[in-house]
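Heads up, there are several structures right after this.
What follows is subunit A paired twice: with subunit B in the first complex and subunit C in the second.
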Partner chain A sequence: MSPLLKSIFSTGFGFAILRVMTPILLPALGVAISELAGSVNIALEGIMLMSAFFGVIVSTFTGSIWLSLLAGITAGVATGGILAYFHLKLKADIILAAIALNMFASGFTIFMLYLFTGDKGSTSSLKSLVFPEIQIPILKSIPVLGPIFSGHNIMTYIALLAVPFFYVLVFKTPLGLRIRAVGQNPNAAESVGINVNRIKVYALLLSGLFGAFGGLYLSMGYVSWFSRDMTAGRGFIAIAASTLGGNMPMGMFWSSLLFGFVNSFAIYIASLDIPSELIQMIPYLITIIALALFAMRKQMKKKRVDEAHELYSEDVISSVVKDISAADE
Partner chain B sequence: MEKFILKYFTLIRTLIAILVGVIISIVLIYLISKTPAYSLKQFLLGPILSKSRLANVFENASPIIFCGVAIAIAFQAKQFNVGAEGALFLSAAIGTAFAVSTHMPALPHVILILVVAGLTGAAWGWIPGVLKAKWGASELVSSLMMNYVAYFLGLYLINSHFRDKSAGFLVSLPLPKTAWLPQIIPGTRIHVGIILAVIFALLGYYFLYHTTTGYEIRTTGNNDKFARFGGINVVKVVILSQVISGMIAGFGGMTEVMGIHHRFNWQNSPGYGWDGVIVAIIGRNHPILIIFAALFLSYLRVGSQVLNLMADVPSELVAVIQAIIIILITAEAFLSQWKYKITMKQASLEEAGNESIA
Partner chain C sequence: MESILQVNNITMVYPAGVIANKNVSVDVTEKTIHAIVGENGAGKSTLMKAIFGIIHPQEGDIIYKGKKVNFKNPDDAINVGIGMVHQHLMLAPDLTVAENLILGVEPRKGSLFLDTDKAVRITKEVSERYGLDVPADKKIKDLPIGVRQRVEILKALYRNAELLILDEPTAVLTPQETVILFKTLFRLKENGKTILFISHKLSEVKQLADRITVMRDARVITTEDASDVTEEEIAHLMVGRDIDTARLDPPEKMGGVRLSVKNVSYIDDENVQVLKNINFDIRAGEILGIAGVDGNGQTELIDILTGLSRPTEGSISMDGKNIAGLSPRQVRELGMSHIPEDRMENGVADTASLEENFIVDRYYKKEFSRYGKLDWKYIRKYSKELIQKFNILTQSSRTPAGSLSGGNIQKVVVARELSSDPQIIIAAQPTRGVDIGSEELIHVLLKDARDSGKAVFLISADLDEILKLSSRIIVIYNGEITAHFKDVSKVTGKDLGPYMLGVKKEEGAHGEIHS
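Presenting the complex of A and B:
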C-alpha cells in the first residue's frame, strides 16, 4: 500500500478528522441558530477569538479551568450581545456590524496580548491550561473504534452532543418554535404576539454560546495557548458548513465532518509533495454548488406556488400548496 | 447652523464617528504608553515627518482605493459581495502567470496584462452575481466561499507552475521589465498604480452618478421592487454591478504586483478586499470620498506602524479604532435622536414664522 493510503486508513487519521471538525461544527451550529431566526451572523470569527482569548487570560491568572470556561462563555455570549445591540437597537446593518466586530476582536486580542506578554512579534502567545481529554471506558478498548472515538478533548464530545442539543432546542422547545417562526415570517410571528426582536437577541446570544465553545476548544484543547488570529478563518468556514448542511443539525454534522476530512487530508498529503491547495479548495466549491442548488430548488417551489395562484381561485390554492409541499417532502 | 447640520447630517455623523475613534485611540495611548506625548506625536505626525513614510501612505492607499471603489459599486446595488479579496488575489495570480509567459514591448504588455487581470476579476464577480440574480442565492456566502477558492487556486497556480525555484521562499518568477508599472516619484515606490486608482475612482463616480446604468444600479440598491416596476432589468443590474466590482478589484491586485513587488509574493491573502469594505463604509459608497477614506486609513496604518516601531504601543490599535469607527457609521440610530430634535425645533420655528406672517 502506498504511504498516502496507509496513513489515510490509519486510526490516527480518523482521530484527526474529529479533532479538526470540532472547531468548525460548534460555530456552524452558532451560525445556523441565528440564521434560523433570520439574522445572518458572520461574526463567529470574532466571537471565537474573544472566547479563546478570555479563556486563556483567566486560566493564566486564576489557574482555574472552571473560571476560564465561564470567562470564555461570557466573552462569546457578550460579543453576540454586542452584535445584537448594534443590529437591533442601533439599526446597524448586521453584516457590516459583524465585519466591524471581527476586525475589533482581531485587533483587540492582539492589543491585549501585547499588554500581557510584552511581545510585539507575530509568534507571541500566552500559555494556558487545557480542558481534559476523556477516555471512554468500554469504547477505548475496542480496536479501530477506540483509537478513533476515545481519548478526545471533552470539547469534541461537547460538539458531538451539541448536535442533538441543537435539534431538541430548535424543534422541541417553545423557544425553538419561536426562533423558526421569526426566521420564516417575522410579520406573522409578530401578529401572534411574539416579540421578534427579543427572539432575535436570544438567537444571537445562543450563537455566541456555540461560538464560545468553539473558541475555547481552539486555545484550551486543540492547542494550549492563545496566538494572534488563531481562528484562521474557521468562523467563515462555519458559514460554509452551516450552508452546506442546510442549517439542519445532522446536515451540519456531515458537512463539518467533510471539512474535517478535507483539512486533515490536506495536512497529510502536504508532507508528500502533492499540491494540497486543490484538495483544500474542494469543500468551498461543494458549498457554492450546494448553495446554488438549494436556492434553485427553493425558487422552483415558489414558482409553482405562484403559478397555482394564477390558475386557481383562492379556495383551491391552499390544497394545491399542500400537495406541492407534500410532494417535496 | 441647524439647517446646515440637517443638510449634511450623514457627513457630519461620519466625521463624528471618526472623531470618536481618534479620541478613543488617544485615550488608549495615554493609558498604555509610558511616554504618551511622544507616542501620540509618533502616531499622529509620524507619517508626515519623513518622506519615505509619506510615500508609504500613498503606496498603501492605491490597492485600497481600487477595492473600495469595487466594493462600493456592488454595495450601491445592495449586493453584499465581499469577493474583492478573492478577485484581487486570483487576478494577480493569473495576471502574473500571463506576464511571465509572454514577451512583448512595454506598453502593450502592461495593457494586455491588465486586461487579463480585469477579465479574471470580472469572471469572479460574475459567478456570485448570476447565482444571486437567477436563483436568489446569497451573494454574501457565495462570495466568501469564492474568496477561499480564489486563494487556493491562486496559490496552486503560483506554487506549482510559476514558482521561482531559485528564490529562497515561495514566490513567483519575477515579472519581465516590460510588465513593470513605472515609478512616478523617484526615491519612493509610488507608481502609476495610484494614478490608475484615482482614475478608476473618478470613472466609478461618473459611472454611478452620470450614466443610465449607474442610475439603475443605485435605484435597484434603494428599492429593487420599485426598480422592477420602473422597468429596470434588475437581473442585469445585479449581475453587472458585481462583474464591474470584480473587474476593478482585479485591476487593483495586478497593479500592486506590477508596481510594487514585481512578482507574486503573497502566501497569505493580503486583506485589501476587506480594507475595501472599510473605506466603502467610511466613504459612504461614494467613489470620490473613498479616495480620501483610503488615504485616511492608510495614514492611520502608517502612523500605527511608526508608533509600533518607535514607541511602546502595538499597531493593532488601528484595528480597534477602525472597527469602532465603522460600527458607529453603520449604526443608523447613532445620533438619530439629535437629528430628530433639530428637525422638530426647525419645524416649530417654521411654524411660528408662518403664523407671524399670517
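Presenting the complex of A and C:
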C-alpha cells in the first residue's frame, strides 16, 4: 500500500475528520436556525472570529477557562444581536448587514490584535488556555473506534450533542414551532399573536451562540492562539453545509462530515508532490460540486411533485365528472 | 334576536387622503349570516379591518355584545371572540394541520416542550365538534385549498370565535369546494355562530346570507333581508345603475378571415404535448370564445399566438402572412394586441407609472420620442386622454400602476391594448377579479371593437362571460379542441361542461369556417 493510502486508512484520519468537522458543523447549525426563522444569517464568519478572538484574550489576561468561555459566547451572541438590530430595528438588508459585519469582524480583530500584541498576524506571543480533551472511558480502549472517537476536544463533543439539541429545540419546543412558522409565513404567525420580530431576534441570538462555540473551538482547541482571519471561509462553507443538509439536523451532520472528510483529505495529500494551491482548492471545489448536485436533485424532486399534482388534478376532474353525471340523473 | 355587533358611524381616512369609509353603520344580528357586498374599492375590506382592530378609524365606535370596544390590534379582537379568515390564508405550509391550529397557544409537556400528541387530540376534538373534517397530521402544503381554508376556520373556532369574518372566501375555491364551504357555514350558524361574509359574487350572497349590506363609494347604501331583494336589485345597488347581463346580439356584418390557426401542436420543455393539432379561424367582426378549465393549453396557445413562444408544428397566419416564430413586437406591429391573463405578471410593471405603462409597447414610435429622447409632455397628455376615455380611477398619470385597485389596473392594460388600433385582439381573462362596473365597461369595449370590424379571441374561465360575448365558441380540453358551437344563441353552460371535462368530444371538431 502506498504511504498515502496507508495514512488515509489509519485511525488518525478518522480522528482528523471529526476534528475538522467541528468548526463547520457548529456554524452550520447557526445558519440553519436563522434560515428556519426566515432571516438567513451569513455573518457566521464574523461571529466565529469575534468569539475566537475574545476567548483567547480573556484567557490570557484572566487565566480562567470559564471566563474565556463566557467571553467567547458573549462576543458571538452579541454579534448576532447586532445583526438582529440592523436587520429588524433599522430595517437594513440582512445580507448587506451580514457582509458588513464579516468585514468589520475581520478588521476589528486585527486591530485589537495589534493593540494587545503589537503584531498583526497572531497571538502566538500570548499564552492561551485550551479547552480540555476528553478521554471517554471504555470507548477509548476499544481498538479502531477508540482512537477515532475518544480523546477529542470537548468542543467536538459539544458539536455532536448540538445536533440532537437542535432537533429538540426546533421540533419539540414551542419556540421551535414558532421559529418555523415565522420563517414559512410571518403573516400567519402574526395573525395568531406571535411577535415575529422577537422570534427572529431569538433565532439570530441562537445563531450567534452556535457560531460562538465554533469560534472558541478554532482558537482554543484546534490551535491555541488567535490568528488573523483564522476562520478561513468556514463560516461560508457552513452555509453550504446547512443548505446541503436541508437545514435538518442529521442532514447537516452528514454534510459537515463530508466537508470534514474533504478537508482532512486535502491536509493528508499535502505531503505529496502536488502544488499546495491546487490542494487547498479541493474543499471549495467540492463545495461547489456538492451544491450543484444538490440543486439538480431538488429540480428533479420538484418535477416529480409537479407530476404528482397533475395526477391529483385529474382525480379532481374525475370526481367532478361524477358529480355532473349524478346531477343529470 | 339580539345584536352581536354594532358599527356606528365609522369614518376612516387613510393618510394619503383617501376616504375609505364614510359614516358607515352596520348592525349584525347574532346567529345569522350577514353579507357585505360591494365593488372593489367600495370600502368592505376597510370596514372589516376596523372591526378586527387592524386599523383605527378617526370617527365612530364599535359595540360588541353590548359593550363598546376599542381594539388595539387583532389579538384584542380574538380575545373577545372575533375570528377572521383572510383571503390569503394565514397558514405555515410546512407545518401540519395540528401545528398550525395550536400555533401561539401551544399545549406543553412540562414548561419547555411541545405536546404534539395533545395538539393532534385537540385538532380532532375541535374538528369533530363542528363537523369539519381535517387530516390532523398532514402538512398544509399537501392539502387542496378548500381544506386549507377549513383549517383556517377551525383555527378561529379553536380560539373561541363567536363572530367569524370571512374575506372573499370563495375567490380561491372551485365550484365544488364552494358548495362544501357553504354547507360548513350553514352548520356553524346552526351551532350558534355569527358569520360576516364579504363577497362580490351575487349569486353566492343570495344563496347564503340572511341579511345583506350593500356598500358603494365608502358608504353603506342599504341593509336588507336577503329574501326581500333579487340579484338584479343588489347589482343595481352596488353599481348605482342597471347592469347589462344579457347576451350580445350576433354581429351584424362579418368580414373575411383575419387570423387562421392551422395544425398547431406544441410540446413543452418537459416533453409534454400541451397542444394537439389545433385549428380555428377568426373573422373580422366576430368574437370567438374559447371555453375550458384552466390549464388545458390555453396559456400556451395564447403565448404562441402573441409571439411569446413558437409552435412545435403548424402555422398561424394573420391576413395571409405566417406569423409563427415572429417576435412579440413584430406581431404587435402587424396589428395584434394582447390582454394577458395575469395582469400583475405580464400586464403592467407595478412600480412604474401609468404613463410608462401606457407607452411600453410604443415608446419608440415617432409620436413619443424624438432623437432618442422621450417626449414626456406629449406622453402625459396622451396618458390623460386614455385615463379619461377608459374611466381609470387614479390620482394622477404619474401614480404607480401597482397602487390602483385590481379593476383599475385591468383598465390600464385594456386601455393600452385597445388604443393601439389593433386588428386582432387576444383577450385572456379580461375581467378576472375585477368589479362589476369595470367588467361591464370592458365588455362594452370588446363589443365595440367587434362592431368596428376587429377580430376578437376571448379566453376565459368564466363561462358566463364566454356565453355573453362570444359569436362562436370552441371548447378546449387537454390541448385538443373538443367542440365547436357555431350558433351560440341556445347554448348553455351545461352544454359546454361535458366537453370542457373531456367526457364528450365532437369527432374532428375545429373552429374553421367552411365556405
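Heads up, the rule we're going with is that the second predicted complex is superposed on the first by the 265 of 329 C-alpha atoms of A that agree within 3 Å, B and C clash if a C-alpha of one lies under 4 Å from a C-alpha of the other, contacts with A are read in each partner's own complex, and residues count from 1 in each chain.
Rule of thumb we're sticking to: a contact is a pair of C-beta atoms (placed from the backbone, for glycine too) under 8 Å apart; a residue touches a chain by one contact, two chains touch by 3 or more.
Computed from a predicted model, the values in this text were never measured in an experiment.
Peer 1: In the overlay, answer first, second, both or neither for which of subunit B and subunit C A:277 touches.
Peer 2: In the superposed model, A:277 contacts subunit B only, not subunit C.
Peer 1: As a test of reading the superposition: which chain, subunit B or subunit C, is in touch with more residues of subunit A?
Peer 2: Counted on subunit A, the partner with more touching residues turns out to be B.
Peer 1: Examine A:187 and indicate which partner it touches, taking first as subunit B and second as subunit C; both and neither are also allowed.
Peer 2: second
Peer 1: Does the superposition put A:294 against subunit B (first), subunit C (second), both, or neither?
Peer 2: first
Peer 1: Is A:250 contacted by the first partner subunit B, the second partner subunit C, both or neither?
Peer 2: In the superposition, A:250 touches no partner, neither subunit B nor subunit C.
Peer 1: On the A-aligned overlay, A:142 touches which partner chain: subunit B = first, subunit C = second, or both, or neither?
Peer 2: neither
Peer 1: Quick one: in the complex, what on subunit C touches subunit A?
Peer 2: It is residues 74-75, 78, 84, 86, 88-95, 99-100, 103-106, 108, 112-114, 116, 144, 155, 159, 174, 176, 270, 293, 295, 497-498, 501-503 of subunit C that touch subunit A.
Peer 1: In the complex, go through subunit A and note every residue touching subunit B.
Peer 2: 40, 42, 86, 89-93, 95-97, 99-101, 103-104, 106-108, 110-111, 114-115, 120, 233, 236, 239-240, 243, 275, 277-278, 280-281, 284-285, 287-288, 291-292, 294-296, 298-299
Peer 1: Residues of subunit B touching subunit A in their complex?
Peer 2: Result: residues 32, 80, 82, 127, 131, 135-138, 140-142, 144-146, 148-149, 152-153, 155-156, 159-160, 274, 277-278, 281, 308, 314, 316-320, 322-324, 326-327, 330-334 of subunit B touch subunit A.
Peer 1: So in the complex, which bits of subunit A are touching subunit C?
Peer 2: Residue positions touching the partner: 168, 172-174, 176-178, 180-181, 184-185, 187-189, 191-194, 303, 312-313, 316-317, 319-321, 323-325.
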